[in-house]
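In structure tokens below, several structures.
Below, subunit A partners subunit B and then partners subunit C, in two separate complexes.
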Partner chain A sequence: MSTIDIEFKNVSKSYDGKNDIIKGIDLLIPSGQRTILLGPSGCGKTTLLRMISGLETITGGELWMGGEVVNRLEPGDRNVAMVFQNYALYPHMTVEKNILFGMEIAKIAKEERERRLVQALDMFGLTDYRGCYPKELSGGQRQRVALCRALVKRAPYFLLDEPLSNLDAQLRTMARAELVRMHRVYLPTFIYVTHDQVEAMTIGEKIVVLNEGKIQQYDSPDVIYNQPKNVFVAKFIGAPSMNIEDAAVDGFDLVVSGTRVPIPAAWREKIGGRTKVKFGIRPEHVELMKEPAGPQVQIHYVENQGDKKSIAFLLDGVIFMATAGTHFETQDTMYLKMDWDKMHIFDADTTENVGYPEGEDRK
Partner chain B sequence: MQDKKRARQVSGKTQRFWKKHRKLEKFAYLLPSITIFCVFMVWPIVYNMYLSTMEWNMVSPVKKFVGFDNYKNVFSDPGFLKALGNTGLYVLLMMLFCFVAPYFYSYVMGKLITRGAKVYRALMFFPSLLSLAVAAIVFMWLFNSVSGPVAEIFELFGHESPHWFTSSGYVIVALSIATGWRSFGYNLIVFLGAIVEVPIELIEAAKLEKASNWKIFWRIVFPLTSPTALYVFIITFVMGLQYVFTPIQMITKGGPNMASTNLVYLIYQYSFQFFQTGRAAAVAIISLVIFLLVLLLQNRLNKRVHYEN
Partner chain C sequence: MRIRREKERRNIQIHSKGEWKYQVILIVSLIIMMYPIVYMIGTSFKTLSDIFASGLNVFTANPTTANYRSVFVSNDVLRLLRNSLIIALIVTISKIITSVLASYCLCFMNLKHPEIIFGLFTVSMFIPFSVIMIPNYLTLSQMGLNNTLLGVALPQLADAMGIYRIRQSMRSIPKPLIEAARLDNVGHFTILRRIVLPLVKPAVIAMIIFFFINSWNEFVWPMLILKREELYTITLALQTFMDSESGSAWGSSMALATIATMVPMVLYIFAQRKIIGTFMQSGVKE
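On to the complex of A and B.
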């Protein structure tokens, strides 16, 4: 283990001494990687990030950074740089002063301060705004000032708490690319909190999916998308959400909403002796046909999303979602063709994935 | 029907009248404020200036014009110089008790401690509910040099208590403490209101840079609360001039040997005890000039204050 890895060892957090909001987290964040903490609001992702920064105390377990336990280390001694959700720029200081503040306190030599400042301003196209106050800047510019301020610290750990959530959609796409570019240049350990799965997928090299204070899955974006570990991850990642329905196993057949399909041979072993499972399939793996090639379905509603159409349909009274190209024409009654190889099977009780057949390309 | 028509005609007439005299209309709206301002602010000052050039004892029907003699007499009166110096001391001590102390205290309460802030706040504010006269009596007994608790504490350490209200020097400190105790809480609440407005993220961001609490105060909290600080600074200055009047009147009457008097008390004495109205008016005008200088200072400082909007 590299000495600047971050490791959570059975870390928990409770505010009232009774209910843990972080429940025994074990997590190794390798250095130099972009790790995303992803989850719905209240899942504990920001709390985890603040524990790393030292702004939040830890009530159980150990947090290791740089080869030592840092539970009681002051925030200023942890050598982390942080970008806050609302940027936390000092309103009474100019862009320049904001960026210099930390370096002045760290008593970095004046020439070096100036060098880093100029370089950071240049990197984010802020050179002309050096003397501006934060209130004179747009949201995107403020966000970039916050990044500059964190960047000049040259800290090995770079923490970002939903830094793009206050930007409009177009700026966000640009900022995402900028963040990745910045990371490639400086290669700090990048820990990024977001509730936006698109951000997580595009920025992250590894994603930690959190819910209710527990890690649901920790893997690469590809694996998280294609092999979600449980029903929560499956439903949380992807838009529209994965279709998940209760299904019964009847001999060699799977029965989903009254539709009976033979279970592909490779899946039988994975399903094992279960008689009840949860069946999942992503909307893009569901196809609707005009010719009677499969079970009949009723179209419920269609949403045109510009680049694609989301189609909600009823199969035996249960709503499913499908996606199709914008040229796709719907009619009241259509026929269903599912890509059964792309299905996901979860245990009915634990909601954990039963696994995937070996050697199959899940993309 | 006829009445309505007439009413319309009349209102039409008045409308035409006001249209013709737009300036008059504006003046009419301002009239109540101008009246109050003139009667209670401008007139007393002007009349005071007039009185300061007269020799008069408040009862005599005759006032004698003496020019600047009153001012000359005032400046050559050691009592006035004593009062002026004392006023400076009072202001200084009040700045300490009611500006510096509550500023830091509110920073500690608002940003550094996590528990009990509400209890402290209530306890600290409590004295502000009392009148200054009550505070004066409370401290008269606390500082009683024979049987007061403060004297007992001195005794505990084998020292004799200073005679707080009868020895010069101590008397100003004691009176300032009494006034400060009563006014500390109010200023604290005002400061606290400003300090809790400073976003916690700003302080957290500074903490990540290893900034000490002291640096965080000077470089972040102080600039962001400077509008409030300026306000409290000014009212504390006024307190130093005015509020101490009550305890002076209640406890020492300016004594011993004018050691605790100040400008405002001196004005009171000149006019209502010695009936030297002209001289009192002259001191009042001098005090006014001092106030004006402070206001000018405020204007200068105002330019350096950071206002959020």
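On to the complex of A and C.
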């Protein structure tokens, strides 16, 4: 373990001494990587980030940073830079003063302060706004000032708490690229909180999926998308989200909403003796045909998303989702053709993924 | 900068259009409030016979500065002003410091139960002055501070009103602002000085005016403590013109009252400019 890794050892947090918001987290965040804390609101991701910054106390377990336990270390002594959701720019200071303030406190030499300021402003195209007050800037500019302010600190840990959530969609895409570019230049340990899975997939090198104060899965975006560890991760990642339906195992067949399909030989071992499972398949692996090539389905509604169409259809009264190209024409009744090799099988009780057959290419 | 001013000017114009009814109400209430003050100033330039002859008329055909001259002869006006000023400054500065520090602690430090502490502060606002007047007097006498300016100031070094008002203003500062500073290892006093105070400046200035005027106008408490004439404040001196035996010197009384009013007035005009300046410079809301 490198000395500037961050490690959570059975860390928990409780506000009232009874209910844990964070339930015994074990997590190693390697230095220099972009790690995303992803989850729905209330899952504890921001709490986790604030624990690293020291703004939130830890009620159980140990947090290691830079080779020492930091549980009792003041925020100012942890050497972290943070970008807040609402940017937290000082409203009575100009852009320049906002960025210089922290360095002034840290007693960094004047020339060095100026050098970092100019460099940061230049990097984010803010040179012309040096003398402006935050209220004179647009949301995107404020967000970039907040990034500059965190950046000039040159801290080894860079914490971001949903920094893009207040930007409109177009700006967000640009800002995402900017963030990744900035990370490549300075390579700090980058910990980024978001509830937006697209953001997580595009920015993250590693994603920690959280729900109800527990880590659901910690892996690369690829693995998280293609091999979700449980039903929660499977449904949370991907838009439209994965189709998940109860299924029964009947001999060598799988029965999903009245449709009976033979289980591929490679899968039988994974399913084992289970008679009930949860069957999952991503919408892009579901195909709808005009020719009767499979079970009949009724089209429920179609959403045009510009680059693709999301199609909701009914299979024996149960809604499934499929995606198709924008030129795809639908009719009321169509026929279903699923890419069965691409299916996911979860345990019916634990909702854990049963695994995938050996040698299967899951991409 | 110029564009912004232009915009603000235009907003004001839009507001005033069609709202003349409100303007009338404002002007009428202004006249009602200003009349006694104008009357006071007018009377200070009248002879005693003129005062009784002119009734409610503010102006006089033969203005005189005799009242002012007599006030300066019979009283050491500068000493009166100095005494009042010493008390008002001690009280105001001390109240502001205690209010700001207490509010900062209540808002930004990890206290166990800030709302209970704050509740106790506010309870003190509901105790009438007349209830604590005698106990305070006895305590100060025991301390040997009877007949001293410090004795007047001592029981007023902190004020729950200030804590209430300044805390209210500090609460509107977004928490992440303070957290961002804490991450930069900024100490509490620097946070207070560089971040919090500039943002609550209007409230602080308002409280300065409030405390100063309150102290300046105080009458009963200084009267209890100060018996030696050389310690008299200006409000105490005003009372000496009311004489049931030789008749009241109304003109001189009004002249001294006018002088007494000038000090808070100047402070107010000066501070008000500052408040407006602060509002234009920055808003706390993001």
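Everything below uses one rule, namely that the second predicted complex is superposed on the first by the 363 of 363 C-alpha atoms of A that agree within 3 Å, B and C clash if a C-alpha of one lies under 4 Å from a C-alpha of the other, contacts with A are read in each partner's own complex, and residues count from 1 in each chain.
By our rule, a contact is a pair of C-beta atoms (placed from the backbone, for glycine too) under 8 Å apart; a residue touches a chain by one contact, two chains touch by 3 or more.
Just so you know, these numbers come straight off a predicted model, no measurement behind them.
After superposition on subunit A, the partners subunit B and subunit C are seen to clash.
After overlaying the two complexes on the shared chain, residue contacts for A:Pro91 are found with subunit B and with subunit C alike. By the touch criterion defined above, A:Leu55 lies against subunit B and subunit C together after alignment on the C-alpha atoms of chain A.
In the superposed three-chain model, the partner touching more residues of subunit A is C, compared with the other of subunit B and subunit C.
Looking at the shared chain after the overlay, A:Phe328 reaches neither subunit B nor subunit C.
Of the two partner chains placed by superposition, A:Tyr356 touches none, neither subunit B nor subunit C. Applying the stated contact rule after C-alpha superposition, one finds that A:Ala106 touches each of subunit B and subunit C.
In the superposition on chain A, contact is made by A:Met82 with both subunit B and subunit C. Legend: residue contacts after superposition of the two complexes on their common chain; A:Trp340 is shown touching neither subunit B nor subunit C. Residues 53-55, 74-78, 80-82, 84, 86, 88, 90-92, 101-102, 105-106, 153 of subunit A lie at the contact with subunit B in one complex and at the contact with subunit C in the other.
Within the complex formed with subunit A, the subunit C residues making contact are 4, 174, 176-177, 179-186, 190, 194-195, 198-199, 281-286.
The touching residues of subunit B, when paired with subunit A in their complex, are 199, 201-202, 204-211, 215, 219-220, 223-224, 306, 308.
Touching subunit C in their complex are the following residues of subunit A: 53-55, 74-78, 80-82, 84-92, 101-102, 105-106, 133-136, 142, 149, 153. Taken in their complex, subunit A has these residues touching subunit B: 53-55, 74-78, 80-82, 84, 86, 88, 90-92, 101-102, 105-106, 153.
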